[in-house]
Amino acid sequence: MIKVGIVGGTGYTGVELLRLLAAHPQVALQVITSRADAGMPVSQMFPSLRGYVDMPFTHPDQAQLEKCDLVFFATPNGIAMQQARILLDAGVKVIDLSADFRLQDIASWEKWYGMSHACPDLVAGAVYGLPEVNRAQIKTARLVANPGCYPTAVQLGFIPLIEAGVIEPASLIADAKSGVSGAGRKAEIATLFPEAADNFKAYGVAGHRHLPEIKQGLARVLGAEVGLTFVPHLTPMIRGIHATLYGRLTREFDLQALFEQRYANEPFVDVMPAGSHPETRSVRGANHCRIAVHRPQGGNTVVVLSVIDNLVKGAAGQAVQNMNIMFALPESTALNNVPLLP
Amino acid sequence: MIKVGIVGGTGYTGVELLRLLAAHPQVALQVITSRADAGMPVSQMFPSLRGYVDMPFTHPDQAQLEKCDLVFFATPNGIAMQQARILLDAGVKVIDLSADFRLQDIASWEKWYGMSHACPDLVAGAVYGLPEVNRAQIKTARLVANPGCYPTAVQLGFIPLIEAGVIEPASLIADAKSGVSGAGRKAEIATLFPEAADNFKAYGVAGHRHLPEIKQGLARVLGAEVGLTFVPHLTPMIRGIHATLYGRLTREFDLQALFEQRYANEPFVDVMPAGSHPETRSVRGANHCRIAVHRPQGGNTVVVLSVIDNLVKGAAGQAVQNMNIMFALPESTALNNVPLLP
Amino acid sequence: MIKVGIVGGTGYTGVELLRLLAAHPQVALQVITSRADAGMPVSQMFPSLRGYVDMPFTHPDQAQLEKCDLVFFATPNGIAMQQARILLDAGVKVIDLSADFRLQDIASWEKWYGMSHACPDLVAGAVYGLPEVNRAQIKTARLVANPGCYPTAVQLGFIPLIEAGVIEPASLIADAKSGVSGAGRKAEIATLFPEAADNFKAYGVAGHRHLPEIKQGLARVLGAEVGLTFVPHLTPMIRGIHATLYGRLTREFDLQALFEQRYANEPFVDVMPAGSHPETRSVRGANHCRIAVHRPQGGNTVVVLSVIDNLVKGAAGQAVQNMNIMFALPESTALNNVPLLP
Amino acid sequence: MIKVGIVGGTGYTGVELLRLLAAHPQVALQVITSRADAGMPVSQMFPSLRGYVDMPFTHPDQAQLEKCDLVFFATPNGIAMQQARILLDAGVKVIDLSADFRLQDIASWEKWYGMSHACPDLVAGAVYGLPEVNRAQIKTARLVANPGCYPTAVQLGFIPLIEAGVIEPASLIADAKSGVSGAGRKAEIATLFPEAADNFKAYGVAGHRHLPEIKQGLARVLGAEVGLTFVPHLTPMIRGIHATLYGRLTREFDLQALFEQRYANEPFVDVMPAGSHPETRSVRGANHCRIAVHRPQGGNTVVVLSVIDNLVKGAAGQAVQNMNIMFALPESTALNNVPLLP
């Protein structure tokens, strides 16, 4: 059994981790920390966990996280980088669901996240936890930077095209739509039900933190910089990301075959039949990414549709997938629940 | 392995049965019938099942249902009663998720459902599949009438009070609210998104088919007729039923203890702490019923709040629970997935 | 032209008042105050008002409210009672959309609202602004306590029955459902989209602030205390209240005629045909209350269905209706916009 | 007073027309036809109209539409073209909200709409009713082809850029998102609440009927063919379209000033301040189009965000705007209601 601790269990990625880990046959959940809610039973905050998770939140000072085999950080940005070193030094593996270790360029990170990085020396050793690209490194990683939700959906959609060199890398466009849980479980007016329901809007067009993360990931694949216009939108649903990706074809290619071959052995990337329109609900609650590739009117614009559940493949599910890889478990352990539809 | 067939797999109870059965370790799914969509892969209609259910719909004429150990009917009312006899005669057990075998009073059934009953002689032998009341009979049943969604939520809330004789049975009120999936997967204007979203309404106040079913169930518990006002409402959510039940107390009683004791050994009925307000999302996708009992301002009106997922404990989950009981499997097999929240 | 000021224009009742007043031909909007957002154009916070309301929020200290003919308070509870006296003394009429002047029993108010009342002597002179009951007093009122949203829907549904003496006044039940805007425009986790969407729950069953207000109103009509069980629920829609009311009939009566006659001359109460099920969307954005009365199965329980838009007839619209009455304008002025459906 | 008839009043554009026309001071509504619901009071189907529209639906055979000054067609495609000639010959003006007269290329129309055109000779004389482009022609038009919803949002966003010649016309991308009312009030499974809620998907990527309409409109502005990739999406809201438009800049330009100047005199196009993200709810129920223009990271991709209410500026509101122009009324008559927010 893997002794697991969770730092920050009161947000949406935290409760989703608990949902998945509660069903994991190889995990012994040791502790879930919360500074504000220490002592409260977890299932009091999240009644969905009644009968599944019976422990209370523990104050960080009493958490004894160093006794765990693995600690997940499901915290706001800026927390994991404060605590990772002591855990790593104690031999504990760390998967950070926040953004602290995602960007290799420290200056860029500090610009986008508006703070100084607390442990820049650890960043180079962190493995970016996108298994479809970095599975080998994840196996031996001590510190995994779990990808962001938009970056997961966007990268999985663009990677086959970039690897195959069939699109112009300087003019990528990612028009992405997210359910409101992507904004986190924070008391804010902008994501109140009466503000977000029956409404649609773009945000962060001038620049979003996931932009450099996506560009970094795609640049690694290409071996050179990419040019990307990234426009995120908020859509009135709880979960789900739909990325609509546009690229300019540079040569003829069997795009359907390209995608199918690229992901043939990936347990969680489903290339749908030609002509498909994946729906976000088809992955609700599950770790799948479903992708369809189109070439409208036979023109030179390729359109990729990529959907994930932002809290699963875009956060907690991918973190469990990374854990499974790091601990040499079957990669789908505890991740083969059928999506909830309707 | 239990060889299972499903008649009518294209509705919401059908796809929910598939979701649950796909994860059931003792079930070998043999056939799913659909007259209209025979030949189409099930996962084409419901992409959430891609990778989990790989068979096509089979035309009823080729279904060979008599080779199954168990057949579920997830059909509109009036179908199961046409086909049950031949299956039962062939030794196949039947669980009917429709209403064909729910009412023992044939005349009442024919009045409420507007058709002649095709096999009234089978009705007396049908077991009403509410395990919290009829577990013993379900164990040996050949034909189970799976309860309706409202009747499940309402009965589980009233039963402890009626058994204990602490409320006036002639003046029960059930104010129930259902998500829109309760109306089924039928092309109708009234349940279109633009009609049902951001809207709330009562319906069927003059009389709803679930009224006689609830009254029958409560009358059995009481041993006499009950008086019930039942007002169903449509609320803009996909899944979930919230029943708010009102009764007049006839004597002092520790209501919290009453409910806790009544359901102490029930795996799927969760009596919440005093003062709780169960939310439908706390059972989303799961077979639980969560209940809280209140006595506002210490008056003589008891208020019970009872929530279920209409497609799970209110339909497919309860059907699987009944199957587990009928086949002597652990009752929670394939039913212990954590509810999806948020 | 009536010179109007609004104190607290950043909540949902505030923006709704602005929407209605912007179209009012007899209103000259003078000032909208906000301590936190002084200087910001109102239409920057609410882009729906671009082109209709072009002024900025004014700091309360610079508001010069005493120069107005009428001031609306669209503030949290506890503010209006601090400021009403100085305005009234200056000859300014006041309509308070908060609860400060709704309860005549000061001790009860202080218990339910958890603070000392700042001006108990003004309470007796405040007129409860439910025109269907108090139109005459509103005409000459200097201080109007605008009713709460639930109290409006519930009282309008019960009043004809109580006036006619046809139901048992000791055992009233009001099962009410509100859209999420009823909780206000406050940064709170409980009303975030991912918390409130696709979810249904009761709240405040032990006691809600609108309970004493409803009981006070019905007691006035009856001339004696009433017994009421009031259970509010949160439903995933933006606007709308649906009250389902239950009473025990004490004698035979033509209930449809009773309601039709009671409201025959009311511009904003629409008694629907027998057998109707009013929908909240049928009053979306409008000042109407639509009501239907049922007697299920001819039993002795009467069921009244009453719907309003909580922000219009339940708040800002009723406030404008009260203003029209106070200033001897046609009562429907600026209130005859057609509801928005779908 | 303008004597107005409506053909096909039972869909969403029909009820929206009724909502707007009921408040129009110069309109005398003569007749609303419906073959299926003749005799039923309009307000029985749409209770929001109780007190505002008191007539019943009339059977088309008894409609006497030739006595009207103006007839709106709010019908499925293929109806208006059957009936327009006889009305035009009788001197009745026609505004067709369907697609029958939108495409000048008959062959293209027949291909996309899958039927033969009944009156190709009338098409050349039809004026495309986008006032921001064709106001002069609309003034004298006898037959107006009211634009589609997507085409309105997309064209208004691209037009300033194309007129100014600052983007590459061969590589336009329009990523558009629509509320579900855009699919019409038709009994279909795909737009049921449980299918469309909490879900997001693209559709028609291979080709959508609004593609040729948009290309025709932009080609007229450019004076040459344009290349456009158009991807529509369904988003879980009732009303609203959000178009996110991408173009490649060909030269430096003050884009904000360009848009502001282009639409300076347009009553219904609101160019928002630089950096804005228009929300669909900011135009809910109103005839406005709100637009913001961005140039992310100062790159050579221009991003335009354009929102409308698909039923108002995208259908019925624009139709009324066209009527106002055709009858020399102030263009905003009956169209200056404030958007409904929240």
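Here are some notes:
Chains here go by letter, A, B, C and D, matching the order in which they are written, and residues are numbered from 1 within each.
FYI, a contact is a pair of C-beta atoms (placed from the backbone, for glycine too) under 8 Å apart; a residue touches a chain by one contact, two chains touch by 3 or more.
The structure presented is a predicted model; accordingly, all values stated were derived computationally and were not measured.
Traced through touching neighbours, the fewest hops from chain A to chain C number 1. A centroid comparison over C-alpha atoms places C as the chain most distant from chain A.
Across C-D and B-D, it is C-D that has more C-beta pairs touching. Separation between the centroids of chain B and chain C, computed from CA atoms only, is 39 Å.
Per-chain Cα centroids separate chain C from chain D by 36 Å. One finds 45 Å separating the Cα centroids of chain B and chain D.
Each of the following residues of chain B touches two or more other chains: 12, 179, 181, 185, 194-195, 197-198, 236-239, 278-279, 281, 284, 342. In terms of inter-chain touching, the protein chains here all touch one another pairwise.
Residues 12, 179-181, 185-189, 191-198, 236-239 of chain A touch chain C in their complex.
Residues of chain B that touch chain C in their complex: 171, 173, 175, 177, 179, 194-195, 197-203, 205-207, 227, 229-231, 233, 235-240, 242, 244, 246, 248, 275, 277-281, 284, 294, 296-297, 299, 301, 303, 305, 307, 342.
Of all the residues in chain B, the ones that touch chain A in their complex are 12, 15, 18-19, 22-23, 46-52, 181, 185, 197-198, 238-239, 270, 272, 276, 278-279, 281-286, 288, 290, 311, 336-342.
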